[in-house]
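Two complexes are shown next, each including chain A; its partner changes from chain B in the first to chain C in the second.
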Partner chain A sequence: MHIRAERDDLADVLSRAARAVGTRSPIDALQGVLCEVTGKRISVTGSDLEMTVRTSLDVEVKEEGTVLIPARLASEAVKKLPAGAVTMKTDDSEVEITGHGPSIRLRQLSVDDYPHIETGDGTPGSEIGGKELVDAINQVVIAASGDDARPMLTGVKVEPIEGGFRMAATDSYRLAVRDLLGTELPVGGLIPARGLKEIGRTVTDDKVRLSVGSRMATVSSERGSLTVRLIEATFPNYQQLLPDSYPNSLTVKKGDLLAAIDRASLVAEDHIPVRLEVGDGGATVSVTRQEVGGTSERVEGTFSGEPFQIAFNPRYLADGITAVDDDEIVLDAQDGHKAGILRGANTPGFTYLLMPVRI
Partner chain B sequence: MTDRTTGKPGKVAQIADDSNSSYIGQSIPSTWATPILHVDMDAFFVEVERLTRPELVGVPVIVGGLGNRGVVASCSYEARAVGVHSAMPMAHARRLCPNAIYVAPTMQTYQQMSEQVFLLLRTVTPIVEPISVDEGFLDVSGLRRHHPDPHSVAVLIRKLIRAELGLPASVGIASNKFLAKLASNHAKPDGVHTVSEDQVSAFLNPLPVRALWGVGEATHAALEGLGVATVEDLLSVPAPALQSRLGSSLASHLRELARGHDSRSVEAGSGAKSISVEQTYARDIKGRNRLETELLAQSDRVASRLRQAGVSARTIGIKVRYAPFETISRSTTPPSAVDSSRAIYHLVLGLLDRIDLERPIRLVGVAATQLIDRHLPRQMSLPMNPTSQFGGNMGKADDAGSRTSSFVDALETGHDHKSGKHLAGSSPDGSGAWDHLADTVEDIRSRFGERAVRPARLADTPDVSDPDRLYGPREYRDKIGSSDSGEPGADDLNSD
Partner chain C sequence: MRLVVAVCSVDYEGRLEAHLPMATRLIMVKADGCVAIHADGGAYKPLNWMNAPNTLIENEGEWEVTNPKGEKLTIRIEEKLSDQQVEMGIDPGLEKDGVETQLQVLLADRVELLEDGLTLIRREYPTAIGPVDLLCRDVRGDAMAVEIKRKAGIDGVEQLTRYREFLARDSRLGNVRGMLVGLSVSPQARLLAEDRDLMWREVDYDDLREREGRTLRLF
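For the complex of A and B:
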């Protein structure tokens, strides 16, 4: 293998593929990125078997071939070379990366040891705007759990709805649901949140294609493809949690509420809940912590229903408010013991349901 | 051992106030300089067995695991006379004392009796700190108006325990916990011993350094290297020499103890920093299925203890010892504190994924730490359940009907063992109906016994001791003391 490319372009394809490489892989070969050079292109693959990112770039090919090189080392090495053209060529058991003088040699990993990696199963994809998809993902992944003991909660449930598809995630304390209309998806699946979070940093583009097969999901664009293995677990039946209407409803400015919670969090930290006394004219946001102090402030807004009190984990509450893409936030609730719902006053499609803290 | 001192601290405060006012300008009588009592039941398991089995009286009795790798949990003074002691391998005990009557432990009975003992102690003073099933500290300084000296309190305690429960107890009296514990050891069996302030050095100096709290194998070896055998020897070692051998904190700790100083106070109240249960097996156990069953039983027990103590655990850990003696611990801190069997077991299952299950295991345990008042604010969980028998709508989970319909599942946890899938209802929390259910279960147990309600998976676990169980489960409170115990309901087994 022998290629010549712009430093920044090569660093880009290497580092994006390297994002799928795990830090602790049981298989040495998976510490590497696989660089395959054919025709006029180099394609770079990084994988931890659960998630695979494949990127590609048009380069000047002097000699075709395939090498496996340490992922992070290779991308960092290319970045550290002087700007301009860079060459990468096989030299015996090493790969030499050279640019305007400096030359870095990296020992190759054995290509034969690299496992066969499936990327997609031919399921046709549905086209969707990259930003639209990434924004929606960012809204729901905040509710996903990081607890590997409960795999079904570490994923985002993607399923077709009329006129589009829906994404949902929950860690059992909160549930985030986002509807995306305009792109039909034939079937759904439970996609690891960890993989979805990487889309924005790896393969997103103006337009992407999303496909969900029976075992994996793939997002692809001109910049490459990201494939994740679906979680084989049953996602909780969350539809029952989404009520048609709530008796009590508060509307406030997003910035006001967020700022109040931010101040309350100063004192709250940890597991101290922030209390909301909701009634006519708005809400009083307060927090009290023994031996530290407390905060209390009034957030003006409009209210309908019976006044109620509710307390939330401040981080969970702030996560939800931040995720709502609207200047005006609506908090719907039944009472202080049932879940509250956060949504945008003017932007339907996103719902964040949060269980209160019992006080 | 729940601390149910409700209302009593107030009373004591009043007594203390009264006594203060009447003692203004006077010095406290010298005997009240030693207000700390260590009450230690004599051969507790043996004596409890003797209550219902007169044939055990007056003969050597050894309680412990009867299997191959069994260990002596408790032995009568007749057996101690020939050299048998607690924690000795059973095989060794059998050689020393072949004519003893060997009894498998009946932990539930001991536990109940222990609760009686502590209830009795709390009628004397609310300042009672249990350190295991059969011993505890008392601070009786509040009783100075009612008793001439702490010795008189000790006499009363021994008389009460003997009269009401038919059991012997020894009491050590001193100015602090460390000395009181050594004093009770000196008082045994069935006696009282006071280490007065002017006797401290005479009492401590001849003792072996091992008597000092904190001297284990390694420290003992280091001290031997310095030629230190007794407490007196230790005091003769220059401080810098001791520091260079043991490090400054351990060195100063030991010097303090050697002088008879100990600043720890008697902690009444729920005080425990951790509640844990562990079990050693006579034959190593293997395989996830077996381990899960054991851990479920332990989770259930830990939950029970937490609820009795009115606390929730912010952190749940498991401990696994592979044969031979290689112990690993894993722990997790969920977003909200837990105190139900279901929630604890759920977390335990998650931790199990971080354990090598292919290797034979000698000991497993479940520990609850970072205990907090269970009435502190708690994050509630979404009422989700895929099978929908529980909470079809928001809020429906509070209905009495759905509570009963998912009764068994509440204890069984939402982990689907066959498919390996985790069910949604299994979120670790104590919200709503689950919490109510766990309270109800605890209430039933407090009236009808530990085994009245059990997780379905444990329903066919026999009442009679499993021969695989060495001795245990051992339960720890605050890691200070331990109780040696066994499965309830074991039949008596004679060694011959």
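For the complex of A and C:
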């Protein structure tokens, strides 16, 4: 294999594919990225078997071939070369990366040891705006759990709804639900949140194609493809947690509430709950921590219903407010003991359900 | 397990001779053949006992327990007040590390209690020498290996040191820090941890459980 490419372009395809290379793979070959050069292109694959990123780039091909090289080392090596054209050439058991003087030689890994990687099962994809998808993913993945002991909570449930599809994630304390209309998705699945978080950093483009098959989900674009193995677990039945209406509803400016929570968080670290006394004219946000002190401030807004008091984990509350893409936030609640809902006053489609803390 | 409450006297012949006068006692005959005589007090030792294997012969008003070593326990029963047989099944064993496991679960949900901005990568993160309790990421992007002990001593520091060494070999994890967490951390462990540039943190189990209880779940 022998190619010539611009340093930044080559570093980009190598580092994006390397993002799928795991940190704890039992197979040495999976520490590498597979570089396949045919025609006028180099195709780079990185995988930990659960997630696979494939990128490609038009390059000047002097000799076709396939090589497996250490993922992080190769992308860092290319980045450290002087700007401009670089060459990558195999030589017996090594690959030599050169550019304007410096030369870095890396030992190849055995291509024969690289496992067969499935990238999708042929399920046709649905086209969607890349930014729209990534923004929606960022809204819901905050609620996904990082605890592998409960695998069903580490994923984002993607499922078809009328006129589009829905994404939902929960760690059992909060639930984030986002509807994306205008893109039909024939079937759904439970997609690892870890994989979805990588879409923005690896393959997103103006337009992407999302396909969910029986075992895998793939997002692809002109920049490459990301495939993740679906989680084989049952996602909690969350629909029942979303009532049609609430008797109490507070509307406040997002910036005002977020700033109040931020100030309260100064005192509320270590999970001291932040209290909201909600009633006519807005809410009083307060925190009391015996050994430190407390904060209290008024956030003006409009309210309908019966006054109530509710307390939340400040981080979870701030996460939810931040995720709402609207200048005005609505907090819906039944009372201080049941889950509250955060949503945008003018932008339907996103719902953040948060359980209170007992006070 | 057979539990007999009876007014009885007991005579032991073997390595020595012992006599328990007539009184109300609990006779336990365990599934493996052990026989133990208990008084209504004391939590530790029976008054008399014979370890398995034993042969128990029940005669009218008198039990004879013998073993291959030539020991003999004679129980003369004046009145049987209760006789119960209970199937107890397989003993799962003493779970000495129950608190540590529970601590791991509670802390996995609240790693930010250990350090501001800490996020969980994985519980039971595998290394070549065994799983580290928690692997986290700090605000600067460094990895943090967390070893959890009920009572953290210098053994815990040694264990954490080994984990950190192995994790540091994985360049993709970046810089690896370490934190020893316990309900108590011994002074020696604190000193050794600090000497090795490891952090330590004491946590309050009851407080963690209370937080868990206060925070309501959706399901």
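Quick note on the criterion: the second predicted complex is superposed on the first by the 359 of 359 C-alpha atoms of A that agree within 3 Å, B and C clash if a C-alpha of one lies under 4 Å from a C-alpha of the other, contacts with A are read in each partner's own complex, and residues count from 1 in each chain.
Here is the rule we go by: a contact is a pair of C-beta atoms (placed from the backbone, for glycine too) under 8 Å apart; a residue touches a chain by one contact, two chains touch by 3 or more.
In this text the structure is predicted, and so the values were computed from the model without any measurement.
Peer 1: Using the overlay on chain A, decide if chain B and chain C clash or can fit next to each other.
Peer 2: Aligned on chain A, chain C clashes with chain B.
Peer 1: Let me test your reading of the model: by the given contact rule, A:Met152 touches which partner, first (chain B), second (chain C), both or neither?
Peer 2: After superposition on chain A, A:Met152 lies in contact with chain B alone.
Peer 1: Which partner chains sit in contact with A:Ala339 here, chain B, chain C, both or neither? Use first/second/both/neither.
Peer 2: In the superposed model, A:Ala339 contacts both chain B and chain C.
Peer 1: If you stack the two complexes on chain A, which partner ends up touching A:Val21: first (chain B), second (chain C), both, or neither?
Peer 2: The second partner, chain C, only.
Peer 1: Between chain B and chain C, pick out the one touching the greater number of residues of chain A.
Peer 2: Residues of chain A touched, chain B against chain C: more for B.
Peer 1: State whether A:Gln290 touches chain B only (first), chain C only (second), both chains, or neither.
Peer 2: A:Gln290 contacts neither chain B nor chain C.
Peer 1: So, does A:Arg72 touch the first partner chain B, the second partner chain C, both, or neither?
Peer 2: second
Peer 1: Looking at the overlay, what does A:Arg358 touch: chain B (first), chain C (second), both, or neither?
Peer 2: A:Arg358: touches chain B and chain C.
Peer 1: Contact-wise, after the overlay, does A:Ser245 reach chain B, chain C, both or neither (first, second, both, neither)?
Peer 2: neither
Peer 1: Which holds for A:Ser93: it touches chain B only (first), chain C only (second), both, or neither?
Peer 2: After superposition on chain A, A:Ser93 lies in contact with neither partner.
Peer 1: After the superposition on A, what does A:Ala233 contact: first (chain B), second (chain C), both or neither?
Peer 2: first
Peer 1: For chain A, which residues belong to both interfaces, chain B and chain C?
Peer 2: 147-149, 170, 172-175, 236, 238, 241, 271, 273, 313, 337, 339, 353, 355-359
Peer 1: Given the complex with chain A, which residues does chain B contribute to the contact?
Peer 2: Where chain B meets chain A, its residues are 332, 334-337, 346-347, 349-351, 353, 376-386, 388, 391-395, 398, 421-424, 426-427, 429, 431-432.
Peer 1: Quick one: which bits of chain C touch chain A in the complex? Just the residue numbers, please.
Peer 2: Chain C reaches chain A through residues 105, 108-110, 112-113, 116, 119-126, 170-173, 211, 213-219.
Peer 1: Please name which positions on chain A make contact with chain B in the complex.
Peer 2: 147-153, 170-175, 232-238, 240-241, 243, 271-273, 311, 313, 316, 334, 337-339, 353, 355-359
Peer 1: Taking the touch rule as given, give the residues of chain A at its contact with chain C in the complex, in rising order.
Peer 2: That would be residues 21, 23-24, 72, 146-149, 170, 172-175, 236, 238, 241, 269-271, 273, 313, 315, 337, 339, 353, 355-359 of chain A.
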